[in-house]
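First chain written, first letter: the chains are A, B and C, and each begins at residue 1.
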Amino acid sequence: MLEAKGLKKLYALKGKGAQSQMPAVNGVDITLQDGVSYALVGESGSGKSTLAKLLTGLISPSEGDFFLDGKSLVPKNKVDKSLHSKIQLILQDGKSALDPHFTVYDSIAEPIRNLLSVSRLQEKEMVLELMERMELPAALLKRTSGELSGGQQKRVCIARAISVSPRILIFDEAVSGLDVIVRKSILQLLKRLQQEQQCTYLFITHDIDVALYIANHIFVMKDGRIAECAVYDGDVTVFMHPYSKLLLESISP
Amino acid sequence: MFRKVLRKPQVVLGLIIICIVLFAAIAAPLIAPHNPETVNISGKYVAPCAEYPLGTDQLGRCEFSRLLYGARYSIGITLPTLFILALTGLVLGTLSACKGGIFDKIMTILCDIFIAFPALVAAIAIIGLLGNGLQNIAFAIVISMWAWFTRMVRSYSVLEMGKDYITAARIAGCGTAKIVVHHLFPNIMPQYLVYLSTGVASTILMVSSFAFLGLGLPDGISEWGAMLNEARTGLYSHPEFLIYPGLCILIATAGFNLFGEAMRDVIDPEDAS
Amino acid sequence: MNKLLEIKDLSITLKKENWEVVKNLNFDLNAGSSLTLLGQSGSGKTLTCKSILGVLGVQFSPSGEILFEGHNLLNLPAKTRGSIYGSQIAMIAQNPMTAFDPSAKIGRQMDETLRIHTKLSPAERHSRCLQALNEAGLTREETVMESYPFMLSGGMLQRVMIALALMTDAKLIIADEPTTALDVENRNATVDAFVRLRERGTAVLLVTHDFMVAARFGSRVLVMKDGKIVEDDSADNILKNPKHPYTRELLSASRLSFYGREEV
């Protein structure tokens, strides 16, 4: 179980002195139970991406803490690699998230090499198995990201993230920008994966249609805070917050 | 990509010139008809003939041989110097961009200071302190130019660091060293190589300029810049001895520049896509 | 019913690979009516749009006919180009944020259009601008006129573009992915502005990949796949009863939460 308490991230506004700071994340308390799918929706500027970066250890919080099974995960001094093997992140643009010079094999093997201690042989087996689970032909292993389609790039990114068997997967607008049909197949893959891996999903998206499809628990974020947490089971009236209602309106014709 | 590169006439021309210069530098002892240092006062200013293809200068030395050996100095000083500059720039620039924070700030200020110093003044000061010698010329060039290379690499690196795949690499557990070596180096190399190629040209010019001013090299040496200097006395009587080394400098730098600029045109549009 | 736009056997080939990206397209648009081209990336909808606007790149070669009031737009003499594009055919760009001059107020940019194309007095121009902004669905028209582009949201800028199109009295307005660059909140308002355009009697050709945009716009929809039209029906029918398997696939992928929550 992941618990975040009072997470804050403040950015200093340039040229306005030390007193003037803009909170990107302004006191977030959030609990993620194991194996559950969560979605986080919010308008741009609500702090969703910053929260994702905080939870994956890319940036440090100005205040607050977060715990995995009771143990604090905020990196104290050095980079805490073990955090990355527990919580992984998948970014929005598949193409730019892959090093253009790396082959698919190297891209997928990279987290395995850095975060797990396995032999080269085991590594190869793991990569091949991941390709199969991603429904990608092994022949693509020699290609570079520029030689893959948008959907294939996304699958490689997912393979990288799950290679270390993380407890929590955070998706930062991970299916925005994909064609709807490709998007659907990726989301179906993710649903299947979750059943197999039993990991927790946090799906950050501005598209409530995607949120409602993939998750049962929907957080609404506004101005750096969690404004609403609704448990969705097919009934859209559980959403009370005006922003949620606005989003729902946008997907009805 | 290489095929596309070779299709451009500037690249081919540049490459040809570079090859000629390199060949002259390497093969000078074999193809030079005479020893470039051999003085023969009685045979001064001999007209071009079979024995002396470009004639002899005011001290009776074979001009052609001197020009060939001149290539050795230009290339011989330039390439190692450039190598050191390239390496320094690469290491300091990438570290600066990667680490950020205080290290980056200090590095930036240092670079600003060194760049503000005119290279020539720095060179004169250093050679004045350390005395003559090829190593000291190289040292002077490195001191005056390292900041340019570092700053260039830093700006390429900062650009790459902002890209998603670096964030993804961090999350995949890469430390600073791995990010720099596995991700930054390969992705900034193409642009950096272009920069280095034109850097060769500047360095050749610097070496020649120093030699022209009489800095760092012993008298009488057959370096092109030094030859230019010596030929000044014969400006009106034998202007060709100014033209020959001048042309050599011009062609050598042009060759490297052409190659570098044409490579940039090939690489940049690829990068843009 | 007079045909404003007639596409006859339009094919667009990518010269380098001799690949037909758009294959024998045929459709008509009557004056005052509207049409949506719905398709994913690679369907050929954008290229079709570009060929009508005359901005197809040199790497493509079109064949067939694109008749606008009888003129074939594919081999238009330079003289007639100016009189058609810009005055009779107007375009709404995809990214409104970059379509405006960032250093000039909206009012001034709108005024310029009228100054070039009409002979109205400054006062008349001003009131026309206000009227157009209002028709495009903007309130506080005066404030909008006094604003710089960066002060307005993408959705508002898009509606200013529609207002500009309204002022030109163009017969046909072509909008290529007008909602794609916009926030979710602004999309509906923008589509509604296009509906108002249509109601006013301007022919609208809307190109989009977003099923829900096509549904909200509510006109005849041509579903495109791999350069061909696979379904041609009203938006309502397609939403309730899609016939072609691709359309069905598209529909279920576009409304995930309505159709597919339980399926894996």
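Everything that follows uses one rule, which is that a residue touches a chain if its C-beta (ideal position, glycine included) is under 8 Å from a C-beta of that chain, and two chains touch if they have at least 3 such contacts.
Remember, predicted model here, so these are calculated numbers, not experimental data.
Here the chain-to-chain distance from chain B to chain C, counted in touching steps, is 2.
Farthest chain from chain B (centres taken as the mean of C-alpha atoms): C.
Closest to the middle of the protein, by Cα centroid, lies chain A. Distance from the chain B centre to the chain C centre is 55 Å, each centre being the mean of its Cα atoms.
Taking each chain's centre as the average of its CA atoms, chain A and chain B sit 48 Å apart. Between chain A and chain C the centroid-to-centroid distance comes to 35 Å (mean Cα coordinates, whole Å). Those residues of chain A that touch chain C in the shared complex are 43-44, 179-181, 183-184, 187-188, 191-192, 195, 206-213, 234, 246-247, 249-251, 253. Looking at the complex, you find that chain C touches chain A at residues 40-41, 183-185, 187-188, 209, 211-212, 215-216, 239, 249-250, 252-257, 260-261, 263-264.
Chain B contributes residues 163-165, 167-175, 178, 182-183, 186-187 to its touches with chain A in the complex.
Residue ranges on chain A touching chain B, taken from their complex, read 56, 58, 79, 81, 84-85, 88-89, 91-93, 96-101, 110-111, 114-115, 157, 160-161.
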